[in-house]
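Look for chain A in each of the two complexes below; its partner is chain B in the first and chain C in the second.
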Partner chain A sequence: MTLTPYQGGRRLMAPALVAAVAGLALTAVGGLVDPRRALFAYLVAFVYWLGIALGALILLGAFHASNARWPVVLRRFVETVPAALPLFAVLFVPIALGMKHLFVWMAPPETLAPEMAHAVHHKLPYLNAGFFLGRAAVYFVFWIVVAHLLRSWSIRQDSAGGATLTRWQRRLGAGSLPFLALTLTFASFDWMMSLDPRFFSTIFGVYWFAGSFMAAFAVTIIAATLSRPDPTAFGHHMSLEHFHSLGKFLLAFTAFWAYVAFSQFMLIWIANVPEEVPWYILRIDGGWKWVGIFLALFHFVVPFFLLLSRDLKRTPRALSLVAGWLLLVHWVDLYWLVMPHLDPAGPRPSLWDLAAFVGVGGAAVAFTLFRLRGASPVPVRDPYLEDSLRYLPQ
Partner chain B sequence: MSTAEKTIQDAHALEGAPVLVGRPDDRALTESLLSPVLGPTRKGWLLLLFALLGGVGFWTLSLVTTLFVGIGAWGNNIPVAWAFDITNFVWWIGIGHAGTLISAILLLFQQKWRTSINRFAEAMTLFAVAMAGVYPVIHLGRPWLFWWLIPYPSTNLIWPNFKSALPWDVFAISTYATVSFLFWYLGLIPDLATLRDAAKTRGRRIVYGIMSFGWRGSARHWRHYRIGYLLLAGLSTPLVVSVHTIVSFDFAISQLPGWHTTIFPPYFVAGAIFSGFAMVLTLMIPARRLLGYQHVVTERHLDNMAKVILATGLMVFYGYMMEWFMAWYSGSASEAFAFLNRFQGPYRGIFIAQMFCNVVAPQILWFPSMRRNEYVLFLVAILVNVGMWAERFVIIAVSLHRDFIPSSWGMYYPTWVDWGLFLGSICMFGVLFLLFLRFLPAIPLFEVKELRRELEHYGDNAHPGSEEEG
Partner chain C sequence: MKAYVLGEFEREQPLYDAARALRAHGHESLDIHSPYPLHEADHALGLKRSTVPIVALVGGLAGAITGYLLQWYTVGHDWPLNVGNRPPHSAPAFIPVTFELGVLFASLAIFVGLLAGYFGFPRTHHPVFEVEAFRSASIDGLWLSAEVEGKDAEPVAQELRRFGARNVSIVPEAK
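Now for the complex of A and B:
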C-alpha cells in the first residue's frame, strides 16, 4: 500500500490559528485586568488540553505494549496528538510566571488559618517554587522525548519498513508506561491537588488520567469522523469495526471515570476525616453542588446509556456527537476540580474561561494539524497494517 | 520481493509461539483432551488426593473447633479483631478474579489465547470463591444465624444495616459466585455432551447425559448458547471490578491509617488480578505437563499470562508508592506512623517479604526469555501468591495492631486453629481442583476445535499473509 503524504487540514488550521491568537491575546488582557481569575481559567484550559495529549501518549504506549493490531490504521493520528507536547512546554510559561496567584503555598499570607499554615509548612520540602519548576521540567522532557521517539520511529518505518522498528516501538511503548503513569500523577498533584495544600487523595492522579484518557478516545473518534471523506486522511481507511471498537473504549472509560470519581467521593464522604473532607464540602455546600450533580448525570449516566447502543457506536456521526459532548463535560469536570479554589461560593463563569479554553485549544489543534501534514496518514509499512485494514472481530 | 511481501515477512518475524501446536484433527483433540477424564485413574492423582485429604481433615478439625469454642479459638483479639480470617478471605476472593477476567474481559477483547485456559481458570474462580466464603461466615460468631444478613421481611423485624460493609460483601460475593457458576456451567454444556457420547460405561453416559441437559449440538442450540454466553460475559465484566472494589471498601470506609485511602478500590482490583494470574500459572504449569496439554496451552499462553502479572504487579506497586507518598504528604502523624510501623515495626519481616515477592520478583518478567521459562515462571507465581497473602496481612493485622493510642496497642499471634483454617483451605481447594481435573474436561474441547478451524482458515495468529501461502 502506498499513500501520498497528508496535506489536508488547511481548512481547519487557519480558524484554529485565529482562535489561538485571539484566545491567548484575550487571556493575556484578562491577566492584566484580573490576573488571578485569568490564570485560574488558563490553568483549567492547560490541564484540559495537555491531558488529551498525555492520554493519547499513554494510549499509544498501551497499543505497543499489547502488540495490538487493529488500531494500526489510526495509530499515526494517536502518535501525532502527543507531538503537540513541546507546545505545552511553552504554554506552561504563564503558569510558571503566575504561580504566586494560583498556589497559596507559594506566598502564604500571615492570615492563614492554623491548619492551613501547618499544611503549607509541612509540605514546604515538596511544594516550593524551585522543586515545583524542576519537576515540571522533568515531566516535559520525559514526555517530549518519548512522544518524539515513538512517532519518529514509526515515520521512519514508512520508508524503511522492517520488523526492527516495530520492536523498538513496542519496547519503548511498554517500558515508558510506568514512568508516564508516575509523571502524570505527580503533575496532577502539583498543578491541581496542591491548589488546596491540606487536601490529599491517593487516587487523584488516576482521576485526571481517567478523564483525559477518555477524552483522547473522544478526540480520535471526532478526527476520524471528520476526515472520512478525505482520501488522504486516516479516517478514510477506517471501517465501521474500528469505530465500533473505539466506541466501546469510550464507553469503558466513561464508566472508569465514574468508578474513580465515585470511589474518591464515597470514601472521603463516609470517613469524614477533617483533613480530607473540606475539599468536598467546598463542592457540596453552595453553588458547586449543581455542577457535581450535572457531572454525575451528564458525564456518566446519559452518555453511558447512549453508548450502550451498538447502532450508535457504528454510526460515526452519532458517535462523534456523543464524543463531542463528553469532551465538553470533561472540561466542566476539570473546571469543577480547579475553580472552587477561586470561587468558593459557586461557579462564576467569565469571559476569560472561554478565551483561555479557545486559545490553548486553538493552538493545540493548529499545531497537531501542522504536525500531521507531510507524513503518511497511516503507518504504511507497519507489518500489521493489513491486519488492521481487514479488522473483523467476531 | 515486493513491498507487500516484505511486510508479510516482517509480520512473521514478530510472531511469538503459536496458540496451538500442530493442527490436530477433531478426533485427536477429543482423545487427547478427554484422556484424563476417560482414562484409568492414575496412581499419582490418587496419592495427591489422599495427601490433600489429610489437610482437609486438619481444616475440618479447625472448623469444628471454631464452631464449638467460638472466635476465642483464634489468635484474634482487640485491637487485632481481623487477622488470618479476613486475610484469607481477601486472598481467596482476589485469586478468583483471574478466572472472571480471562473468561469475560478477554472474550470481549477477542483474545484467542483465552480459549484453552478459560475453563481451567473459571473452575479456579469457583473453588476460590467457595473457600473465601467460609471465613466471613465463621467469623460471625454465631454462624448459624448468617441468614440474618439477607434482607427479607422477617417476623424477627431484623433488617441488615446497610451502612455496614458486611451486607455489601454478602451481595457482592453471592452475586459473584452465582454468575461465575452459571458462566462456567454454560460453557461446560457442549463438552459434557461430548463426554456423554465418548463415555464407555452406561453409568457415566447417564450422569453426563443429565448434566448436559440434552444438548444435541443443533444450530438452534448453538445460537442460544452464543447469545447466553455473550450476555453472561457482559454481566461478568463489571463483576471483575465490583467485587474486589467492595472488598476494598471493607477497609477504606474506616478512618484507620493504612485502611482509609482513596486508591484502594482500583489498587485492590489490580492486586486481585495479579494474584489470580499467579494462581492460574501455579496450577497450570504442572497440570499442562502432567496431563499432556502442552499442545493447547503453549508458550504463548505462559508468555501472555506473565505479561498480565507484570502489568498488574506494576499497578500494585503504583498503589504502594501513592500510599507512601501520601503518608508523608498528608502531614498526619498517625498516617506517617502507620507506614513507618510497616517498615520498622514487629511485623517488618512480613512487609519485606511482601516487597520482595510483589515488587522485586515480577520485574524479571520484563525479559521475554524468562517469561517463557516454565521454572522461572512457576517460581515467580509462587512468590506472588505468597506476596499477596503477605500484603493482605500487612494491610489488615499490621494496621490494626498499632493505631492512634499507644496504650491500646497489641500483638497478634496465630493459633493452630488459624493455621488450620488457612493451610487446610489450600488443601480443600486442591482437592476440588483434582476432582475437577478427573471428572470434567479442563480444556474447552469445542472451543479449541473452533480455534483450529479459524487458524486453518486465517493462518496462525490470524495473519492474512499465511492464507495465500497455504
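Now for the complex of A and C:
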C-alpha cells in the first residue's frame, strides 16, 4: 500500500483558527473584566481539551501494550491527537499566571473558615506555588516526550519499514502507561481537586480519565466519519467493523464513566465524613443538583441504551451524532466538577464559558489538523496494517 | 419424524453452494461445522440476527427492577430500617444490589435461554455426534448439516452428493 501524505483538512483548519483567535481574545478581555470568572471558564476548557489529548495518548499506549492489530489503520490519527500537547503546555501559562484567582490555597484570606484554614496549612508542603508549577512542568515534559517519540517512530517506519520500530513503540507504549496514569492522576489533583483543599478522593484522577478517554473515542469516531469520503484520509480506509469496534468502546467507556462516578459518589455519600461530604453537598443540593441528574441521565442512561444497538454502531453518521452528544455532556461534566467552587448557589453560565471553550478547542483542532498534514494518513509500512485492513471480529 | 442429513466437504465454496441450493429448496434449518471460523458461512446460511441479546436485555432489566423493588419493599416500605440514620428508602445504597441482580439475571437468562431454547434441553448431546466421521469437523473437515422431515432426507442427501460431499449420512432424531 502506498499513500500520498495527507494534505487535507484546510476547510476545517481556517474556521478553527478563527475560533481560536476570537475565543482566546474574548477570554483575555474577560480576564480584564472579571479575572476570576474568566479563569474558571478557561480552566474548564483547558482540562476538557487537554483530557482528550491525554485520553488519546493513553489509548495509543493501550494499543501498543495489547499488541492490537485491528486499530493500525486509525492509529496515525490517535498518534496525532496527543501531538497537540506542546500547545497545551503553552496554554497552561494563563493558569500559572492566574493561580491566585483560582486556588484558595495560593493566598488564603483571613476570613477563611477554621477547618478550611487548617486544611490549607496542613497541605502547604504539597500545595504551594513552586511545587505546583514544578509538577506541571514534569507532567508536560513527560507527556510531550512520550507522545513525540511514539509518533515520530511510527512516521519513521513509513519510510524505513521493518519490525524494529514496532518493537520500540510496543515497549515505550506499554512502559509509559503506569506513569501516564500517575501523572494524569496528580494533574487532576493539582488542577481540579485542589480547588477545595479539604477534599480528597483517590479515584478523582480516574474520573477525569474516564470521561476524557470516552471523549477521545468520540473524537476519533467523528474524525473518521468526516474523513470517510476523502481518499487521502484515514477514515476512507476503515471498514464498518472498525466503526463497530469504536462504537463498542464508546459504549464501554460511557458505562465505565458511570461506574467510576457512582463509586466515588456512593463511598463518600455512605461514609458521610465532614471532610469529604461538603464537596458533594455543593453538587447534589441546591442549583447544581439538576446538573448532576442531567449527567446521570444524559451522560449515561440515554447514550448507554442508544449504543446498545448494533445497527447504530455500524452507521457512522448515527454513531457520530451520539459521539458528538457525548462530547457535549462531557463538557457539562467538567463544568459541574469545577464551577461549583465559583458559583456555589447554582450554575451561572456566562459568555466567557463559551469563549474559552471555543478558543482552546479551536486552537487544539487547528493545531492537530496542522500536525496531521505532511505525514501518511495511515502507518503504511506497519507490519500489521494488512491484518487491520481485513479486520473481521467474531 | 425429523432427521439430520450430514455431508463433509473438502473446500469452502462447494459447502456454501450446497447450503444456498438447499435453502433455495426451502430447507432453512441448516448448520455449518468447521474447525476454524468461516466468515462467509453466515451469509451462506442466511442467518438472521441472533435473539440472544434481546433475551439478555430483558433478563437484565427484569433483574435490575427486581433488585430495586426487593430492597425498597423490604427495608424501605414493609419494615423501615434505620441504617446509619439514612432514610429507609435510600436510592444510592440500593444501586449496587440493583446492578448485581441485573447482571445475574442477564447471565442466567442467557444460560437458561440457550439451554432450553437453542440446545433443546433435556437432550444431552446433538444427534450429529452419532456419525463417527463427524470427528473431522474439529480436525480438517467442513460439514454441512440439514435438519429435515424424514421423507425429505433422501433427496437432500442426493443434493449434498451432487455438490461433492463425502460421508453423507442420515441420522434420525432420537426420541
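Just so it is clear, the second predicted complex is superposed on the first by the 394 of 394 C-alpha atoms of A that agree within 3 Å, B and C clash if a C-alpha of one lies under 4 Å from a C-alpha of the other, contacts with A are read in each partner's own complex, and residues count from 1 in each chain.
In this text, a contact is a pair of C-beta atoms (placed from the backbone, for glycine too) under 8 Å apart; a residue touches a chain by one contact, two chains touch by 3 or more.
Only a predicted model underlies this, so the values are computations on that prediction, with no experimental measurement involved.
Engineer: Looking at the superposed three-chain arrangement on chain A, would you call chain B and chain C a clash or a fit?
Structural biologist: Aligned on chain A, chain C clashes with chain B.
Engineer: State whether A:H118 touches chain B only (first), chain C only (second), both chains, or neither.
Structural biologist: So A:H118 only meets chain B here.
Engineer: Per the contact definition in the header, classify A:V260: touching chain B only (first), chain C only (second), both, or neither.
Structural biologist: first
Engineer: A:I270 contacts which: chain B (first), chain C (second), both, neither?
Structural biologist: A:I270 contacts both chain B and chain C.
Engineer: Which partner, chain B or chain C, touches the larger number of chain A residues?
Structural biologist: B
Engineer: With the two complexes superposed on chain A, say which partner A:T202 touches: chain B (first), chain C (second), both, or neither.
Structural biologist: Touch partner of A:T202: chain B, not chain C.
Engineer: Touching A:L385 in the superposition: chain B (first), chain C (second), both, neither?
Structural biologist: first
Engineer: With both structures aligned on chain A, tell me which stretch of chain B collides with chain C: 207-215, 261-269, 279-287 or 315-323.
Structural biologist: For chain B, the listed stretch overlapping chain C after superposition is 207-215.
Engineer: For chain A, give the residues common to its interface with chain B and its interface with chain C.
Structural biologist: Residues common to the chain A contacts of chain C and of chain B are 266, 270, 272, 394, listed in rising order.
Engineer: Would you tell me which residues of chain A are touching chain C in their complex?
Structural biologist: 262, 265-266, 269-270, 272, 308, 310, 392, 394
Engineer: Within their complex, state which residues of chain A touch chain B.
Structural biologist: 1-2, 65, 67, 118-119, 122-123, 126, 161-163, 166-167, 175, 177-178, 181-182, 185, 189, 200-206, 248, 259-260, 263-264, 266-268, 270-273, 275, 381-387, 390, 393-394
Engineer: Once bound in the complex, which stretches of chain C touch chain A?
Structural biologist: Listed in rising order, the residues of chain C that touch chain A are 37, 39, 49, 53, 57, 84, 86, 92-93, 95-96.
Engineer: For the complex, which residues does chain B have touching chain A?
Structural biologist: Listed in rising order, the residues of chain B that touch chain A are 3-4, 6-8, 10-11, 13-14, 108, 110, 241, 245, 249, 252-255, 260-266, 311, 314, 318-319, 321-323, 325-326, 329-332, 366, 462-465.
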